[in-house]
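Would you mind keeping the following structure in view while I ask a few things?
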Amino acid sequence: MAKHRRYFLKRPKSTTSLNQAPGTVTYVGRKEKAETTLEVIDYNADFYERYISTTPEDAFKFEEEDRVTWFNLDGLSNTTEIEKVGKYYELHPLIIEDIVNTNQRPKIDEHKDYYYIVAKMLYRRADGHLENEHISMVLGKNYVLTFQEAGGDVFDGVRERLAKGKGRIRSRGADYLVFALLDAIVDHYFIVVDEISDRIEALEEMLITAEPHKDTTLEIQELKRTMLRIRRAVFPLREVVSRLEKGNQGLIHENTINYIRDLYDHMIQVSENIEIYREMTWGLMDMYMTTISHKMNEVMKVLTIMASIFIPLTFLAGVYGMNFENMPELEWKYGYPAVWLVMLVLFIGMMLYFKRKRWL
Amino acid sequence: MAKHRRYFLKRPKSTTSLNQAPGTVTYVGRKEKAETTLEVIDYNADFYERYISTTPEDAFKFEEEDRVTWFNLDGLSNTTEIEKVGKYYELHPLIIEDIVNTNQRPKIDEHKDYYYIVAKMLYRRADGHLENEHISMVLGKNYVLTFQEAGGDVFDGVRERLAKGKGRIRSRGADYLVFALLDAIVDHYFIVVDEISDRIEALEEMLITAEPHKDTTLEIQELKRTMLRIRRAVFPLREVVSRLEKGNQGLIHENTINYIRDLYDHMIQVSENIEIYREMTWGLMDMYMTTISHKMNEVMKVLTIMASIFIPLTFLAGVYGMNFENMPELEWKYGYPAVWLVMLVLFIGMMLYFKRKRWL
Amino acid sequence: MAKHRRYFLKRPKSTTSLNQAPGTVTYVGRKEKAETTLEVIDYNADFYERYISTTPEDAFKFEEEDRVTWFNLDGLSNTTEIEKVGKYYELHPLIIEDIVNTNQRPKIDEHKDYYYIVAKMLYRRADGHLENEHISMVLGKNYVLTFQEAGGDVFDGVRERLAKGKGRIRSRGADYLVFALLDAIVDHYFIVVDEISDRIEALEEMLITAEPHKDTTLEIQELKRTMLRIRRAVFPLREVVSRLEKGNQGLIHENTINYIRDLYDHMIQVSENIEIYREMTWGLMDMYMTTISHKMNEVMKVLTIMASIFIPLTFLAGVYGMNFENMPELEWKYGYPAVWLVMLVLFIGMMLYFKRKRWL
Amino acid sequence: MAKHRRYFLKRPKSTTSLNQAPGTVTYVGRKEKAETTLEVIDYNADFYERYISTTPEDAFKFEEEDRVTWFNLDGLSNTTEIEKVGKYYELHPLIIEDIVNTNQRPKIDEHKDYYYIVAKMLYRRADGHLENEHISMVLGKNYVLTFQEAGGDVFDGVRERLAKGKGRIRSRGADYLVFALLDAIVDHYFIVVDEISDRIEALEEMLITAEPHKDTTLEIQELKRTMLRIRRAVFPLREVVSRLEKGNQGLIHENTINYIRDLYDHMIQVSENIEIYREMTWGLMDMYMTTISHKMNEVMKVLTIMASIFIPLTFLAGVYGMNFENMPELEWKYGYPAVWLVMLVLFIGMMLYFKRKRWL
Amino acid sequence: MAKHRRYFLKRPKSTTSLNQAPGTVTYVGRKEKAETTLEVIDYNADFYERYISTTPEDAFKFEEEDRVTWFNLDGLSNTTEIEKVGKYYELHPLIIEDIVNTNQRPKIDEHKDYYYIVAKMLYRRADGHLENEHISMVLGKNYVLTFQEAGGDVFDGVRERLAKGKGRIRSRGADYLVFALLDAIVDHYFIVVDEISDRIEALEEMLITAEPHKDTTLEIQELKRTMLRIRRAVFPLREVVSRLEKGNQGLIHENTINYIRDLYDHMIQVSENIEIYREMTWGLMDMYMTTISHKMNEVMKVLTIMASIFIPLTFLAGVYGMNFENMPELEWKYGYPAVWLVMLVLFIGMMLYFKRKRWL
C-alpha cells in the first residue's frame, strides 16, 4: 500500500489544549514547521512592489492608502508575531485564536470593518503527499491578510498575474483579490478530486485483472476516510462563498459579485463530484468482495473437477488391488485393458458432465 | 464488457485552466471537434428562412424586428467567434466563459434583457455511444442563441416543425422556441433512462441464467457511475425549469407558462425514473453476490457427494489390498462378492442420505 | 418464478412520441385495448339513471342542471372521441394530452371552473395480474369526468351505492363523488400492499425451510422494483389529496373537507406501510445470502468430516498394502486385527473431536 | 424461534371494508375479543367514585358538573354501543369510524369543544405476548373518554393514584388526566424498547458463542419488522404531543403545559432509542454473516490440513504398493523403515508449514 | 475483547418509575454512588474562596451580592438535599425531577430568572472506563448551580483558573462561568472521539495483519453502539449552545456571545468528526468480511493445489497396484522408473498450471 499512501489525507492531530482558558492563542498544528516568513505585495493598476520580511513591523510601513496591500504570513507556530499583526489591524482576540487553530473548519465571520474567512487548501506537495493546509484570510477595505500553516501554497498563479499585470486583477480592489485567492483554492479541489477519481478507476481495474491483495481492503478503507475528510474541508466553504455573495456591499463591490456567484457554481460542482466519488468508493468494497468470491468459485471448481474425476477411478484401481483369492476378473485375458476401458469411459463421462455444466 | 461500453457515460476531462485569470475564455472540452458552424433560422407565422454560415458577421445581417431568430452555433473550440457573438448580443463576459466551459452544470441566470440557460443533452450518437453534450441557450426578446459543444443534437424534430409550420411553434415567440428545445432535450432523457433500464433487466437475466463473468462486476460499477452522471446532468435542470415557470413575465408569455409547467412534470417523472433505476443498479451487486454464492454452493455439493461416497469405498478396497499373511476374509469363497455387496449397500445408503438432504 | 409473476408491476412502455409538437394528443399506453365505451350516471337524491353509449354526443344530452353527472370513459386509444369530450367541457389542450399520456404521474391542476386530477389505480385483474391503470378525473360544478385506460376498475362499490342509494352519496354533490372514487382507489392500495407483505413473509419462510432456488434472487429483485413502482404511483397522490383539502371552497363543500382529511390519513398510512415493506424487501437479499452461506457451511462440514475420518484410515491401509519384502507386521499373527483396532480407535477419536466441536 | 416469538409485533390484519360507504362504522380489529365493558370514574379533589357498567345509558347518569369524569370503554366490536356514546357526547361520525378503525395511526383532531386523540399502547400481556393496542381519547371540558380495543391496559398506575388521591391528579382537571394517561403510555414504550435492546444484545452474544441456527436469520428479520412497527406506532405521537402543547388554551390549562413539554422530551428520548436499536438490528445480519463465514473458515482449515498432510503420504504408500517386478527399493533391507522415515519427515514438515501460517 | 471493553459506553439502565405520579423526584441512576458532597466557590476579580460542605444550609450563607457563586453538587441519590437547593433557588418542580433523571437528554429550558441546561460529560475515569455522566446546570443572575451524578468531572481546569485567577474568568460574570464549563465538556468530547478514532484505526490494522478472531465482530458491533450513544449525548447539545447564543440578553452578556459562538463552532466540528468515525465503523464490518473471505480463499488454494497434484498421482500408483495376471507393463524392465517419470511430468505440469494461474 505504501506507494499509494500519498493519495490519503491524514487525520490532523488535534492536540487540544485542555484545562486552558478559552481565547488563549495556542498553535495546535504540526510543530516541525517553525519558520515564519512575511510577504507583502502592494499594488494598484499602475504600481507593483513585493517585499519579503521577517518582522511585521517592517512590513507595516510599506502600506499606502491608494493601493491594495496583500499581507501573507507563512508558519503559525510563532504566535507572538501573529498577535502583533492582530493588534495592528485591530482583530478580535478570538480571531487570533482561530488563525492558529488548524482544526478550525471553514467559516466566515462578518465584522464591522472586515471579513474573517477560514478555508482549507488541498494540494499535492513536491514530495507527492496530499496536503490539507489551514488558511485564514482577513478582507479589509484596502488590504488582504492571509495566514498559512506553512510555506507552499496554491497562489503562484495569482502572484504571477499580480506581478505581470495580467487580467483585471491589478485594476480591482481587495475584494477581487480575495475572490482570486478562493478561486485558486477551489481550482485545486477539482485537481485533487480528479486524482481520487483516477485512483478509484485504477483500483476497479486492478480488482478485476490482478490477484486481490489483502492490503487492498485497507486502501479502500483509507480512501473512504480521505473522501470523508475532503468533504469536510470542502463542503463548509460553500456556505462561506454563499455568504460572501450576499454580504455587506461596502466590502464587496457590485461587479465582483458576479465572479463570486461563478465561484459558488464551481463549489457546487466540486461538491457533486465528491459525492459521486464517495458513492463509488463505497461500491469498491462490494466489488472486491464479489471478486474474491468469484476467484474462490474458480478455485473450488478446479478442486471439484479433479477430485470428482480421479476419486472414482482410484476406487476402481483399489478394487482390483484387493488380494482376494477368488477374483475371477483378475484372471481374464483382457481384464486389464477392460478396466482401462471402463476408466476411460468414466473419465469421458465426467468430462462431458462438467462441460455441460459449463464448469470447463 | 467491450460491447456494452456504449451504455456508459465517461467522466468529462476537466482540464481546468490553473493559474489563469477568472473570466478568461478557455474551451475545456474535447479538442478533436474543431469545426465551428453557424445556423440561423428566421421565422414568423408567415415567413421561414434558414442560413448556414461560418462567420457570425454574415449571420447578424439577416435579423428582422418582427421575426424570431434562432441562432445556433456548433463547436466551441473557436473562442474568438463566440466572443464576437457575445459582443454583438451584449452578453456578460462570465457568460462567454460558461458557454465554453463544458463542465458547467445546468443553471439559469436571469439578466435584465435575457435569460442564460445551461443544460446537458443526453443522446445516442450514430456510432452508438452515449453522448453528454453541453448546451447553452440565451433567450432574448425576439431571438434565441444556442451554443453546442459539437455537431449533432436532439433538435431535428424542432427544425422540422419550424420548416413545415407544423403545430403552434411558428406562431409563437422566442420563449416557446426555448420551451420546444428544452422539451426535446427532456424527451431524450426518457429514452436514455429507458435504455439503461433495459440494460439492467438484461443484466439481471444474465446473472441468473449465464455463468457469471468477472467483467460483470466492472460493468455494474460502470453502470452505477453512469447513473450518477446522468442524475447530475438531469437533476439541476428541474430547478432551471421551475425558475423559468415563475420567471420574469416580460420574456415568458403567459400562455407559454402552461407548457413549461407540463415540462416540469416531465422533469419530475424522469427524475423519479432515474432514482428507481439507480436503486435497482445498487441491487445488482447484491444479486451478483448471491448468484456466485449459489453457484459455489452447487460446486461444493458435487464435490462433497463424490468425496463422501467414494472415500469410504476406497478405504474398504484399501483394507483388502493389505498384505497381511493372516487375513481370513481373503480366503473366503464369496469374500470378493461380499465386499462388492457391502460397497453397494454403502453407496445406496449415502445416496439416500443425500437425497433426504435434498442435495441431489 | 413464473407463478409469482403476477405479484410484479411491469415497467410501462413509454413510447414517447419524439420529434412531435408538444400538446399533440397521442395515446402512449397499451395498444391492444382498443374499445372505447362511455358510461353516464345521472343522479340526485331522488333520481338515478345510467346509460351506456359509444359516442359522446349521445351522452351529453342526458345532462340536467339539478343533477350530478358522472361521465366515465374507458379506453384511451380513440383520441378523437376524447378530444370531443374535451371540447364540450372546455378543457385545456394540455389536459387532453395528459389524459391519454399514461405515463403522467399523479397530480392536481386547479383551473378556474374545474379541477383536473391524475391518479393510478392498483388492483388485481380477473386473470390475477397486478394492474397499474392510469386514471384522470375532472371535477366540475355538477359533473365528474373520469377517463380510464381500459375497462375494469375499482369503482363497483361506488356504482352500487349510487344505484341502491346507500350511504350519503346520492344526497351529496360532485365533490363527494370524487372523494368516493379516490377513497375506492386508496382502499385498493391497502389490499395490494398487504398482498405484497404476504408474499414477503412467504418468501422469508421459504428461504429458511426450502432449498434456495436461483430464481429466488430474481424474484426478490423484481419485488424491489415493484415496491419502487407502487411507491411512485401512490406517493404523489398524497400531495393531490392534501391540495384538495385546502382547495377552492367553491368546488369542495365544507362538509366534504372532513372526509378528504380522513382520506389523507389513509394515504399517510398506506405510505408508511409501503416504506416498511420496502425495507423488508431489502432485507430479503441479506437473508437469502446468509441462508446460502448457512447451507454451504453444512455441506462443507459433511465433506470435512468424511474426508478427515477416512483419509488417515485409507493411508494406513495403503501402508500395509506396500510390497516391501521386509515388513515384520505383515507376518504377525494378530497384525490384521491389530490394524483394525488402530483404525477403530482413530475413527472414534475423530468422531469425538467433531462432537466436541459441535459439528455433529 | 418459538420461544422468542413474544418479542415480535404481528401485522394487524387490515380487513379493510371494501365497497362500503366512507363513514360506515365497521370494526376491523381482532374478532375474538367480543366483550364490551364500561368503567366510569368520577372525581374531584374531595370525591372519588368508580362504576362498572355494561350499557352506556347507566354510565351517563353519574356525571356531575363540578367533577371530572373518566369514561373508559373496553372492546370495540360492539359498534352500536360506541355510536350511542358518540351521540351522547356529540362526536363527529368520522371520529366514531376512527375509534373502531384499529389501523388508524396516532393523530390529534382539534374540534371546537373537544380534542380527539389516537394512540397506540405497547405493552406485554400476562401471557407474555407483545401487544399493540389501539386507543382513542376524547378530551372535553370536564370529561375524558377512552376507547380501548380490549381489556387490559397500561393505566393501572393512574387508576391507583386516582383512587388513593396520590400526587396532584385529583386536584387537576381533565387535561391533566389525559396527560397522565399519555405519560403512562410513553413510560411503557421505554420498557418495550429496553426489552428489544436486551434481546438484541442476547442475540449478539449468541451469534458469537453458539452455533448459528438457521432460524436466527428469520428472527433477525422479524426483529427488524418489529422495530419498524414500533417506530410507526410511536413516532406520530410526537406530533400529537407537540400539538397538544401548543394547542387551544381553553382545554389545556397553563400549568399542565409544562408537564406536556416534559412528556414531549420523553417522546424524543424514546424515538432516539428506537433509532439506535433499529440501526443495531440492521447490524445483526452483517454480524451473523461474518460469524458464518468465520465458522466456515475454520471448517475449511481442518479439511485442508487433514487432506494436505495425508494425501501425499497415501500417494507414497500407493507407490510401494505397485506390483512392478523390478522395484529395487522393495528388496532393500531397510526399505520399509526408510519409507516410514520419509513419511514422518513429510508429516512434520507439513505441520510446521501450517503452524507458520497460524492455521493450527 | 475484555481489554478493549473500556472503549464502550454502556446503556444506562432506565429504571423508569412506572405507575408513579409525574413530577415525583426519583433518582434513576447508578445506586452505588451514594455520597452527596457540596462545593461552593465564591469569587470576583479580587476575591476567591472555596468551601466544602455536606449540607446545603451551610453553603447558602456564604453568598454575597457582588460575587459570583458556583454551587456544585456531586451525587444525585440523596433527593431531599436536592429538593432543599431547589426550594432555596425557587426552581420549578419538573427541573428537580430532570436533575435526578439521568436519562434526560441534553436540553435548555429558558425560565424568567434562570436558564436550566442539561448536558452529558464524556470522559475517561481513573480506572480507564469511559464515563457518560449526566450534568445539570442552572445559570442565574450571579450564581451557577451544577448537579453531577457522581464525583469526578472535567472541570479541574476551570477550578484551577478560578483559584489562580488565570485568564479572564475571574473578572467576568456567571454567564462566562457556564461558558467555561460547557467549553471544558466539549473539549473532552474531542478527546473521547479521537480515542475512538485511534481504536478504529487499530482495528483496521489488526483485521489485515492478524488472524481474525470471532470476538472482533462483537467488538465492532459494540463500537457502533458506542458511536450511536456518543452521538446521542453530543448532538442535542448543539441546539442548547445555539439557543444560548441567541438567548435572553439579560443573562448572557454581549461580550460572552462571541465565546459561545466559538463554542458552537467546536460543537459542529466534533459532530462532524462523530459522523466520519461512525461511517468508518460501519465500514469495519465489510472490511472484516472481505478479510475472512480473503483468508478462506488462501486456505482453499492450498487444498486445491495439494489435492489436484496428488490425486492423479495416487490414481496412477493405484493402477499399477492392481493384481491382474496379464499386465505387461509390470514385467517391463524399466516399467517402474517409467512410471516415476510419468508422475514427475504430471507433477511439473500441474505446478506450471497453478503458477500460470498465479495461485502459487
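Chains here go by letter, A, B, C, D and E, matching the order in which they are written, and residues are numbered from 1 within each.
What we mean here is this: contacts are C-beta pairs under 8 Å (C-beta built on N, C-alpha and C of every residue); 3 or more make two chains touch, one makes a residue touch a chain.
Which chain is which protein? Per UniProt: A, B, C, D, E = Magnesium transport protein CorA.
Just so it is clear, the structure is predicted and the values come from calculations on it, not from any experiment.
Contact with both chain B and chain D is made by C.
With steps allowed only between chains in touch, the distance from chain C over to chain E comes to 2. The mean-CA centres of chain A and chain E are about 27 angstrom from one another, to the nearest whole unit.
Chain centres here are Cα means. That of chain B falls 43 Å from that of chain E.
Shared interface positions of chain C, i.e. residues touching 2 or more other chains, are given as 286, 289, 293, 296, 300, 303, 307, 311, 314, 318, 321-323, 327. Residues 11, 14, 16, 18-24, 92, 94, 97-98, 103-105, 107, 211-212, 214-215, 217-218, 220-221, 224-225, 228-229, 232, 285-286, 288-289, 292-293, 295-296, 299-300, 302-303, 306-307, 310-311, 313-314, 317-318, 320-323, 327, 329-336, 339 of chain E touch chain D in their complex. Of all the residues in chain B, the ones that touch chain C in their complex are 156-157, 160-161, 166-169, 179-180, 183-184, 187-188, 190-191, 194, 197, 204-205, 207-208, 258-259, 262-263, 265, 268-269, 272, 276, 279-280, 283, 286-287, 289-291, 293-294, 296-297, 300-301, 303-304, 307-308, 311-312, 314-315, 318-319, 321-327, 358-359.
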